[in-house]
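Just dropping this structure here.
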Amino acid sequence: MNEPRLDELGFAVVDLDRERRQGLPEIVYGPGKTSEEIAAIVTSLLAGCEGPVLVSRVEADVAASVLGSPELVSGRDQGEYDAGARLLVWRPRPAGTVSLTVVSAGTSDGPVAREAAGVARAIGLDVTEHADLGVAGIHRILGRAEEISRADLVIVVAGMEGALASVVGGLVAVPVIAVPTSTGYGAAFEGVTALLAMLSSCAAGVTVVGIDNGLGAALAAHRLATTLDRRASR
Amino acid sequence: MNEPRLDELGFAVVDLDRERRQGLPEIVYGPGKTSEEIAAIVTSLLAGCEGPVLVSRVEADVAASVLGSPELVSGRDQGEYDAGARLLVWRPRPAGTVSLTVVSAGTSDGPVAREAAGVARAIGLDVTEHADLGVAGIHRILGRAEEISRADLVIVVAGMEGALASVVGGLVAVPVIAVPTSTGYGAAFEGVTALLAMLSSCAAGVTVVGIDNGLGAALAAHRLATTLDRRASR
Amino acid sequence: MNEPRLDELGFAVVDLDRERRQGLPEIVYGPGKTSEEIAAIVTSLLAGCEGPVLVSRVEADVAASVLGSPELVSGRDQGEYDAGARLLVWRPRPAGTVSLTVVSAGTSDGPVAREAAGVARAIGLDVTEHADLGVAGIHRILGRAEEISRADLVIVVAGMEGALASVVGGLVAVPVIAVPTSTGYGAAFEGVTALLAMLSSCAAGVTVVGIDNGLGAALAAHRLATTLDRRASR
Amino acid sequence: MNEPRLDELGFAVVDLDRERRQGLPEIVYGPGKTSEEIAAIVTSLLAGCEGPVLVSRVEADVAASVLGSPELVSGRDQGEYDAGARLLVWRPRPAGTVSLTVVSAGTSDGPVAREAAGVARAIGLDVTEHADLGVAGIHRILGRAEEISRADLVIVVAGMEGALASVVGGLVAVPVIAVPTSTGYGAAFEGVTALLAMLSSCAAGVTVVGIDNGLGAALAAHRLATTLDRRASR
Amino acid sequence: MNEPRLDELGFAVVDLDRERRQGLPEIVYGPGKTSEEIAAIVTSLLAGCEGPVLVSRVEADVAASVLGSPELVSGRDQGEYDAGARLLVWRPRPAGTVSLTVVSAGTSDGPVAREAAGVARAIGLDVTEHADLGVAGIHRILGRAEEISRADLVIVVAGMEGALASVVGGLVAVPVIAVPTSTGYGAAFEGVTALLAMLSSCAAGVTVVGIDNGLGAALAAHRLATTLDRRASR
Amino acid sequence: MNEPRLDELGFAVVDLDRERRQGLPEIVYGPGKTSEEIAAIVTSLLAGCEGPVLVSRVEADVAASVLGSPELVSGRDQGEYDAGARLLVWRPRPAGTVSLTVVSAGTSDGPVAREAAGVARAIGLDVTEHADLGVAGIHRILGRAEEISRADLVIVVAGMEGALASVVGGLVAVPVIAVPTSTGYGAAFEGVTALLAMLSSCAAGVTVVGIDNGLGAALAAHRLATTLDRRASR
Amino acid sequence: MNEPRLDELGFAVVDLDRERRQGLPEIVYGPGKTSEEIAAIVTSLLAGCEGPVLVSRVEADVAASVLGSPELVSGRDQGEYDAGARLLVWRPRPAGTVSLTVVSAGTSDGPVAREAAGVARAIGLDVTEHADLGVAGIHRILGRAEEISRADLVIVVAGMEGALASVVGGLVAVPVIAVPTSTGYGAAFEGVTALLAMLSSCAAGVTVVGIDNGLGAALAAHRLATTLDRRASR
Amino acid sequence: MNEPRLDELGFAVVDLDRERRQGLPEIVYGPGKTSEEIAAIVTSLLAGCEGPVLVSRVEADVAASVLGSPELVSGRDQGEYDAGARLLVWRPRPAGTVSLTVVSAGTSDGPVAREAAGVARAIGLDVTEHADLGVAGIHRILGRAEEISRADLVIVVAGMEGALASVVGGLVAVPVIAVPTSTGYGAAFEGVTALLAMLSSCAAGVTVVGIDNGLGAALAAHRLATTLDRRASR
């Protein structure tokens, strides 16, 4: 067991070894951190790692403040803000050979779907998006079934009753990662209904991440890409 | 307000006025009653009402014992036991003009679907059944969509994630009554997942009854038939 | 299966086929959309459909902004805002022959009851409203029982313990659609208590929609009217 | 503070002071105790207290075994078993001047109602019972409203949606103690729905005890009788 | 059954018969009503009833606005605002002979305890208050046990684990009404923990009202006073 | 859209097209089916499909009865029963090139882990198992970390607090599918605690299936193998 | 990091290093294991460790079978069965200097209290037990307060509303470990109410273990004894 | 039983005896109290007790206002504000001989960890802190295992899935007190997931306090120190 490489910043300990272990630097979770703290962690990751550096769930004003901080303005790598995905990205990877389709059910599932797509794109997946494919209009899904099933894997983002995961899971043979969203009102219970429905899907082999966790779905896709790449390189 | 007509049996008070108010005699809920008690209530209803008399959730041995009880054996109306629906029926109504389709998702939803269909048939609806139409095989549903949409109303019976209600609700324009079942395991939570999913359906205007409540769905269908008949007779 | 008619607006995909399938254009859910987005979707629906166009859950300022948007101001059909129902309506249908009674339990159930009534009226039902009929004053309900039971169907809106659904369900023979509201405090648990109580109603054949879902109840009423109209036109 | 009078039996400590503090000897909860243990506790209470001695939730075979145990057979006070209430009673009090009405909603609420009534009767209340008064048949309740409202207090026993507590609470001015029962299926959730509904009752001033807790309701009635008697004796 | 006396105000239906049925005019629940609406209802109640008129859960600014409204300023009966109880009162009853003790566990239970005490006082009970008697300092409770047990009934107000209800219930023989509060954090779950604990109290015969429902507890006390007064007047 | 190939058996509709769509015949869920029904479905699948035929959750006596049924005894393909995995298998696939490691936390997680491993093996994955690696003895896991991380994907099976998913997820870069089990007592709440913990894992990109759903995890692995095989064959 | 000492038995991996790390051999959890499996694990632990060997939650017949198994009958250390604690023990430690008091609320909390006391005694704590100290009879607790507060730590075992933990926590200054039990019915919800109440205790510094987890409380006591012993030996 | 020494301030009753009973003056819970009320209680405690006086959960502006209040500015003991722990402290104890390690999982667990550490330090424990030791980077924990295990006891603070408690509990032999935090989103459910996971920990003998209850963990540590000190002084 090697001594882990850590950067102790006082308010946080940055794990510089994550990249070696998992093929990707630690992704910074934005909420609850000041823009100074975010800038310091990003600086540490840019210096200590080689891959893409991402900060998730960043509002526009915080993003501007981070991008304008002295240590980052003067750095070699310039960051970009993806407002739809609420994501800050430095050193994005070019699209590789692994293809991902992100399918979402309604307009209000958009932010979560865009987070999943934005992160996946930044870390090198070849991403296609299909929005607004609710199961109440089943023909819309069927019209795109063939196109969807050509991807290496599919992320399904849905709130309310989350039925889209079951329908897509029944249509395609590749891995389906379901993301329940907190969309809906009343008996949707902040995403719990969609979460339970996806876990109980009658389409076998669908797996699930936490509510609104677009980032987690993208990282699950990254794990899959790791295996695909590893086998391709043998 | 008229004085209500009641038959006080000691262990129960039979509401003989229900038929006048609701167009159907009270339906007897079997569990927790002895076969003697059931026979006494049925005898009271046969004497005090004119319409069909039903006992729900009756196991085969209890049914045999009720049917063989002296007061019923010698009665004018002979009862029959519908094992699939776990239902005892006296004086069933002939099929009227109101058509109902009962759609169910998997083989284990069968008992609840058969209860809904059995009760509906006994009280005079014209019932068609479609079983085993899970959304994981969406083409099976689509192949029957047109046939389903010809009914006056549709009952959808599903457990697990209950997505069938949303898909059918999106395909037909007529009333859809969803019945969640306690089918499934793990995160299906004894029907709670299907119940919540159906209440959160993205197919607007779907209504829901309690878990495993096939009887309730059939009686909701009866209410609709009441309105149809009333309008027809104007 | 025909190719579905869709209008892709970038931020949303408008399903122009819904009207053909379900007899009513898609209803726009207001929250989470900008007034520009709402105006664009409404414009698309007015152009691509023939029936009434509705936007639900719209606050007064957003409504004013939508109504004042250039593409709608200059349009052929002028919209109106129903503040009590928080509803924007273009091309309302005249009242048809199907009668609906909306009964609510307390003053705080008002907004949900008005949404149900407002939507139902806009899509052509003949609506009567009875407010403030809590079961703690049971004589108020009984005094109107006969009037209520004359409708083709009844929507019951209640929070707290939701008992009104059981009482009305026992008094009338026609379809009863129950809407639990998030009214109440403490053990009312944001409508969950009323929801569970309505699902467990001892008045058989009552069906339920999600918490605060007045819109859903109105659309369930529309489904019923569809069947009634279809039979009337045979 | 006096030294408490306790009888230590090894497997249990009998609190002989309860009678002085609360006007009634400790009531023995039957389940989980052997008939030998019950007999020993009863013997201790008969010797150390003066009032009625009760054992609740006793099945018939255990009751027979307790009544036949040597120390009790030879005792001065002979016990009786009330099968309906599943109650063993020694030294019941004669009916006093405090009147209690126990109202229940359906036949399956019977056992809990009978426990409440049986305990109340044994400890000296003047008890009247009204069974099978479900709110779906509201006229049955109204027909007895005047009679019910003459009691000093009312216990309402109901499962399913528990609406009877609200209706009775609105009809009478005296104390109403509501007992939810685990009756019902599906969304009744073993009495939780009735419990929540009763706690959220729109009839003000209704109080609630735990699910199926007929004994607790009877003891709440005893507390009230204590106050009434204390004031009468001033 | 007499025709009920109702005052239809458009936005609300005032039940003027409540006083005859329950011995107290309807109590107005403040939240969600404008000060104009409150003033109109109060005016209606002052005109149509004889007893005390109360409005609960009123913040100071709304109270001032209601008290200053033209129809009330010029009225015969002048209202008063009890800030601690957040209560508006017209025509309070003088203290009668029925004594009530309100016991609360911690300083943050104060508002609920004061609501219970304020309402009870306004409707004619003779109220004593004991605050800050948490069970972690059990000697504080014991030091006042005798005084508490002299009341005709006791209201116990407690949040967190709600243990005070069990301790007081074990010390006194008179009725104990427990009010769980939403005090506490973490596993107190907004009062659910205290509610469940009070319903499961090992002190038999304790009854419970909803979370934070001080008003409900006071009205339960009023029901008891009704019985006491009725018996006294025989 | 092709016409789906279905085999209607009366009590069930067998979807013979599943194999074409998903690369694997439908897997039969044993519970709730008689051995005659299982035998009929298996016979239909053996005739209509080419791949492996599996029945899950079969107890030993049912398995023997199915294997001994006339139509199967005389068939070309002979079935085998895997008692540890409670699985019946006909025509298992030989191990392919995709490697899977199944890691489980405690001895009581065994049955679920064996179901996952058994199904995966039968459908052609190259499976390795590591049992009894609870996180309370973290060194056991670390000692095998390198071996585990060599697989193409990892299934983690754990009950109680489900922490093993987070630890393994942090150690390996490949896909991790977590299966919560209903192991544990008290606050483990039949697997809910492990389920929630796995969904909240701090190890990013872990995905989850339903409680005790070893079969689902194996089928998720099959989806991954489908992508791997498809890419290999390009 | 040393190589961990493990004994791989096929169906289980015995962690022989636990004793070095935690001062106590692994404790075997009985349920779900055959008596042969238990005997094999015990044999392994007796051979590979030096301290006491315990098996928890063993019913009498399994215990007899384990004790009579060939490898254990002929062993050097003879086991004993403690029926009250459902515990098998080999090589118990003599009582050390650390004193523990186990306090329980009612007779039905006995089995959990006896498990806590039995395990604690077997691993060398000096244990005193106080049973049947429910808070409804608060004087019983106060009479023993001084004796209880003399212990080095206290375990409080209670079901129903779990108030005993708060009362004892307020009386003593030493560590209090609370064990909720699944005692009670209705709103006790299988121990959840007691669990939540103990976590919300107003007596600061009380810590909690899982429902019915007497074993866990005893091992928490062992951790404290470890610190005490370590300090004593410095 | 001595008469308890209480200071009645009108809005609160200060328990001056707590120090004698529990070795520490009552700790003031800040939220919901005005700075005047806090100042009055602190003044009472400084006068009536001898030990440290603490106010928890105080925001910076309230703290400044309390510290600047006339009665405290002129007092003998000057208070200090610990912003990280949101704690006001007067008369802190010097570090004694009992050592405590506070371990936390992520940066967002910081505030709770700092409250635990701040309170513990103020009441005389010798505190070390280790932050940001999430289990997804298990090597970080292992690298500090030896140092952590040297403490007399350990507090583990973690949100999300709370797995850190199990890992640390398996590494050290001394008491481990786990504090779940409301960190995390989606299925973390405001700390409930971490709470349940810690209560179900596979590392035996871990005890738990309420969600975010850093103060409670510090006071549990104080209880342990009381026992250690008491034994040392014998």
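When the chains are written out, they are named A, B, C, D, E, F, G and H in that same order, and each has its own residue count from 1.
One rule holds for everything that comes next: contacts are C-beta pairs under 8 Å (C-beta built on N, C-alpha and C of every residue); 3 or more make two chains touch, one makes a residue touch a chain.
Please read these numbers as outputs of a predicted model, since none were measured by experiment.
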item: If a chain touches subunit A and subunit D alike, it appears here; value: B, C
item: Higher-contact pair (C-beta pairs counted), A-H versus B-C; value: B-C
item: Subunit G against subunit F, contact positions shared by both copies (same if over half, else different); value: different
item: Option reproducing the contacts of D-E, where over half of them reappear, out of F-G, B-C or A-H; value: B-C
item: Length of the line joining the C-alpha centres of subunit B and subunit G, rounded to whole Å; value: 52
item: Length of the line joining the C-alpha centres of subunit A and subunit G, rounded to whole Å; value: 45
item: Euclidean distance of C-alpha centroids - subunit D vs subunit G, Å; value: 37
item: Subunit G, residues touching no fewer than two other chains; value: 1, 137, 142, 170-171, 186-188, 195, 199-200, 204, 210-211
item: All pairs of touching chains, each written as two labels joined by a dash; value: A-B, A-C, A-F, A-H, B-C, B-D, B-F, C-D, C-E, D-E, D-G, E-G, E-H, F-G, F-H, G-H
item: Touch list for subunit B against partner subunit A, complex; value: 105-106, 134-138, 142, 160-163, 165-167, 169-171, 184, 186-189, 192-194, 196-204
item: List of subunit C residues in touch with subunit A within their complex; value: 1, 3-4, 6, 11-13, 15, 17-18, 32-33, 182, 191, 195, 210-213
item: Contacting residues of subunit A [partner subunit F, same complex]; value: 1, 21-23, 27, 142, 152-153, 170-171, 173-177, 195, 199-200, 204-211, 215-224, 226-228, 230-232
item: Complex contact set, residues of subunit G against subunit D; value: 107-108, 110, 131-133, 137, 139-140, 142-143, 185-188
